[in-house]
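Heads up, the next two complexes both have chain A, just with different partners, chain B and then chain C.
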Partner chain A sequence: MQSEAASPSRAAGTVELVAVAKRFGDAVAVDGISLKIPGGAYCCLLGPSGCGKTTTLRMIAGHERPSDGDIRIGAEVVTDLPPGRRKTAMMFQSYALFPHLSAQDNVAFSLKLRGVKKAARRATAREQLKRVHMEDYAERLPAQLSGGQQQRVALARALITNPSVLLLDEPLSALDPYLRVRVREELKRLQGELGVTFIHVTHSQEEALALADLVVVMDRGRIAQAGQPHDVYSRPSTAFVARFIGGHNVLEGAVQRRDGQWAVLTGIGAARFAVPCPAAVGATVRFAVRADKVVLERAHAELAAIGGHVVAAAGGPNRLGGRVQAIEYQGAFVRVTLDDGTAEPFTALVPDDVFYRAPLTVGEPAAASWSPADAHVLTES
Partner chain B sequence: MVRAWLQAAPLALVVAAFLVVPIATLAVVSVWDYTEYDLIPDFVLTNYADVFGSWVTYATYASTVRFAALTWLVTLAIGFWIAYFLAFHVRSKTWQMVLFLVCTIPFLTSNVIRSISWIPVLGRNGLVNSALLHLRVIDQPLEFLLFSDFSTVLSYVHLYALFMVVPIFNTMMRIDRALIEAAVDAGASGWQVVRDVVIPLSKPGIAIGSIFVVTLVMGDFSTVRLMSGGQSASVGLMISNQLAYLQYPAAAANAMVLLAVVLAIVAGMMRVVDIRKEL
Partner chain C sequence: MHGRTPGCYLGTAFFALFVLFLYGPLSAIFVLSFQGPDGGLTFPMNGWSVHWFGALLERQAVGDFQGSFLRSFELGAVVMAATVAISLSAGLAFRRRFRGAGLLFYVVVASLIIPSILVSLGIGLLFRILDLDTAWWSSGLGAHLTWTLPFGLLIMFAVFNRFDKAYEEVARDQGATGAQTLRHVVVPIIAPSLVGVGLLGFTLSYDEFARTLLAVGTDLTLPLSIYGMTTNITTPVLYALGTVTTGFSFAVIAVFLVATRWLQRRTAARRSHVTART
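This part shows the complex of A and B:
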């Protein structure tokens, strides 16, 4: 990642939220969040619907006034500035192209507002359209463009003002999956070229992990975790993050005894797990295990006797038994779900070649195991 | 096949009975001859020659078109801003509905009563004049208030402003609010949003409202008689007078010409704005 101090234009794109809150009547949409997004970063606000991510974006854009707190962009506090004076540009979820204007006039709209003459603003608009490979469609009305093309026009319209910060509200959600991946790459490439801060709201963890330099996971109006995608994925801070980001199993148990740096837990039934954790005996510990770090094996003998419930499988800690509930082929991986007797099924992602060497079938008892070092302890959210 | 015809039949019959047949009758009668006492079935163009040969016709059309244009301008200005206020500034759906209904309340009384009710307000000793006299703003009653072009246009506006408000409000309610935000995001001021987004996207509603208002004023004969005190003419009034003298063929010829003129105006408006997507 480029250093922020290297270029003054990057510093102009630094976005800082200080204890920003938004209430709609009694409902709290954003509950006092603080966040610093370095200039030139690609930041994804990630969370389920209603978590406050879109409201946060709209407050940065100026379309919503914070009930509390301040927003700074570059060196300026913009909390009271209108959207047009914040050096931000927003790309709307529905693209919000003006249906009565051609693609080039849509792109040239902000120049028209500033009184730029028609010929000059159209020339600039065409340059912008060229950047997103839409110059051949300059004369078309939005209704005559496909979803992907409309999105490019919307992007060109947002970029024509040379914003320091580009705000994208679920920009990929209206596209089909194939296009989504291509446009995603293009967004990332464009962001690298422009050096502009991108703040991208999404509910897709895959999108966030693929694009972001900084992933901000939000939950009920608060930031649950903010960090680099790799950190968030490999070390989710809370059970919520682990579940939302996907690919994790969340388990819990009470500390039964300590063994050096390890705490040995007993979970539901007689399951025993070792986790790297300083918790004292008697404390309840929650931890996450990545589904792709789990090894699955057939387990007739152990499970037949107890009817498929959780057992402390022979051979030490960090094994879990259950019955195969579902098998999903996903290409490189096979996703196997085990019913381990808890409300939340246990998931393992098995490389397809490994799985098909000795394929399991639904209803069969199986045992999952993982290295104690792969257990990641969660804090309470 | 038969089913399709049957399904279309009721509407076709209604249209035939109440639109095609009367207009056909009018067309037929417009070429009849007549005397003071008698209608003579015939095919003569004298009625049309009378219409086009008289300067009264042109003067009357000029006066009618002027009323239509003035009324159109005023109702458009008022209707647009009422619709804009209702659609964009009244946030709650309930209040939108309540205020919209308030706009329709004048329509619970008849046109004639609504026109007549202006007389005690605007008359020589009416509310406005006596109030101004008492306040010593004027020392003579204002004469132009009643039985004038002013009172005629005022009455038209009162009668027809809602026909402008409703279609414009409808179109505005269909404008995606994200478009307004997109304009604001691009740096548009409130006025620029109206000029560059709201007005262009409200055009179909403006066109429909304009058609209502213009056709209603062009065809009116009662309001103009009542409110101008008989001092102004209108095409409708001219036709009504001919009917009173039992000059049915002359009235029919006049009506055919009026119909053609109004249709031409409507066609002109539809050329400027495509209203099909609103229908």
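This part shows the complex of A and C:
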């Protein structure tokens, strides 16, 4: 019922980027990206530092002007509009609360600009502070507030302008891990209540997966993959996405022969894998295997020595041998890394009860196996 | 106590010398200004009185002391206001890289390197060529600004170097125009630095000597006036003058200290008020 009432405003929160590029001198920060974020969505721009995610956010906010391309918010092309006229509000990474104003006057700032009388704007600001549970701190100066409290005030200050799109630049990075998870939940709840589009920049894949309806993974100024968190995690498009999103092993090999829908690959160290893939014989294929889909067992020393081992028949489990390099207890899972003779160690996440039934020790030979159906083929980026 | 190194003693000795050089002569002047009516310019004291402070008010005894004091005060106030306004504008301008910014900066800062007396000579000469009379409020004001503006600009550079641009971006995000951002965000945040620039401008102007010398015209500023008196006054009234002007300087400092204390107390009151509520 709420969503029906809010549907016109949801459309106003649609954000569309059309071939948007940003260059700083010779450096390309954003390399012609196109993206449509539906109104009312929670979108996370995810990527390592320098991937262009913050620049993209700042262009949507109007704090950077695109070198090329257009930005549309709702029905309006906003490329040339100043930040104050875009129906966006931005929450800065440093929060940037005005140090000379109390919490309520920070929140009331936009009302002051519009000439609202002091008593009226303070009353409105207090209501807004109540929404983020900060009404008791209305008269404090920013220097008298903790980081988490400052963030709430910054959020209230952004929301009081009734934006259609809220832009958040690394909003959780300054908080301690415990608070981060709580604030994360609160952001998601608030976004659901308001029906406002949230665009949230982060370098934490965990944060993005937990919050987003739409995850946009960026790499070197381009969009590597955009999709629902579950799709991105279970079917990363490129090796970059698979590595960045974490929890994946990236392997590669040349197609040696075909067997129905399967391609049988030869990898480094004579390892052989079967993957579901239409590639022709001779082609190089990269694929990802989720660490939690891997089964580990103790193996013979020879297996570790060869570095790799093969399925007899396509369709049977793929196996890989190596020596246990590290064991990390993580609660529900035990993270075991194997040195399989390649530059990148192979990781398996083993449920803790399974692991402790027959615990491995560091230096022991072990074999990892997975069902060929769990091998997910990657495209070249 | 342990940990006293030779460097520590050296530092103490140096500091003692510093204090002696600064406050020794000052104390002598202070004491001598209370000479008896028949006392001379040197020790010993010939009785004690406030006779020479009274003599300050007589024009024939000291020349136009009150006039030059007022002139210096007014000039200092105008220089202070102009230095704050112009340094702030220039500081804002230099944040955007405009063409010739580097050259302009060097031209301005060169003013600190050129010997002051030459600046003064040049201004006096220029006015003569243009057939204008030099005066403390025209050529004198200009001479003082050549001294205070480079300092003001350098301070503004330091201020804006540390200024977080995110404050302005938030203001624009909230719909503020450039003027509103300046008035409601930038100026309040850098206000303490602006007060500092103002005080510096006043101080530099109030005791300026070399740049004023050939650009001041017939009505003298206080430092020039005092210098004139040292050559033609032979009574302790000179010391009374020194005591009064030094006292004025301390009074100015006291006013600012009290104002700062008051501001702090107001903030503290606000804080304790909030704490009581929570």
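One rule holds for everything that comes next: the second predicted complex is superposed on the first by the 359 of 381 C-alpha atoms of A that agree within 3 Å, B and C clash if a C-alpha of one lies under 4 Å from a C-alpha of the other, contacts with A are read in each partner's own complex, and residues count from 1 in each chain.
As a convention for this text, a contact is a pair of C-beta atoms (placed from the backbone, for glycine too) under 8 Å apart; a residue touches a chain by one contact, two chains touch by 3 or more.
Worth saying up front: this structure is predicted, and the values here are computed from it rather than measured.
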Three-chain arrangement built on chain A, chain B and chain C clash or fit: clash
First, second, both or neither for A:109, with chain B first and chain C second: both
Which superposed partner A:98 touches (first chain B, second chain C, both, neither): both
First (chain B), second (chain C), both or neither touched by A:328: neither
Touching partner for A:231 - first (chain B), second (chain C), both, neither: neither
Touched partner set for A:76, first chain B, second chain C, both or neither: neither
Which superposed partner A:136 touches (first chain B, second chain C, both, neither): second
Set of chain A residues, in rising order, touched by both chain B and chain C: 61-63, 82-85, 88-90, 92, 94, 96, 98-100, 109-110, 112-114, 157, 161
Chain A-touching residues of chain B, taken from the complex the two chains share: 176, 178-179, 181-189, 192, 196-197, 200-201
Complex contacts: residues of chain A adjacent to chain C: 61-63, 82-85, 88-90, 92, 94, 96, 98-100, 109-110, 112-114, 136-137, 139-141, 144, 157-158, 161
Of chain A, residues touching chain B in the complex: 61-63, 82-85, 88-90, 92-94, 96-100, 109-110, 112-114, 157, 161
Chain A-touching residues of chain C, taken from the complex the two chains share: 164, 166-167, 169-176, 180, 184-185, 188-189, 191, 267, 270-271, 273-274, 277-278
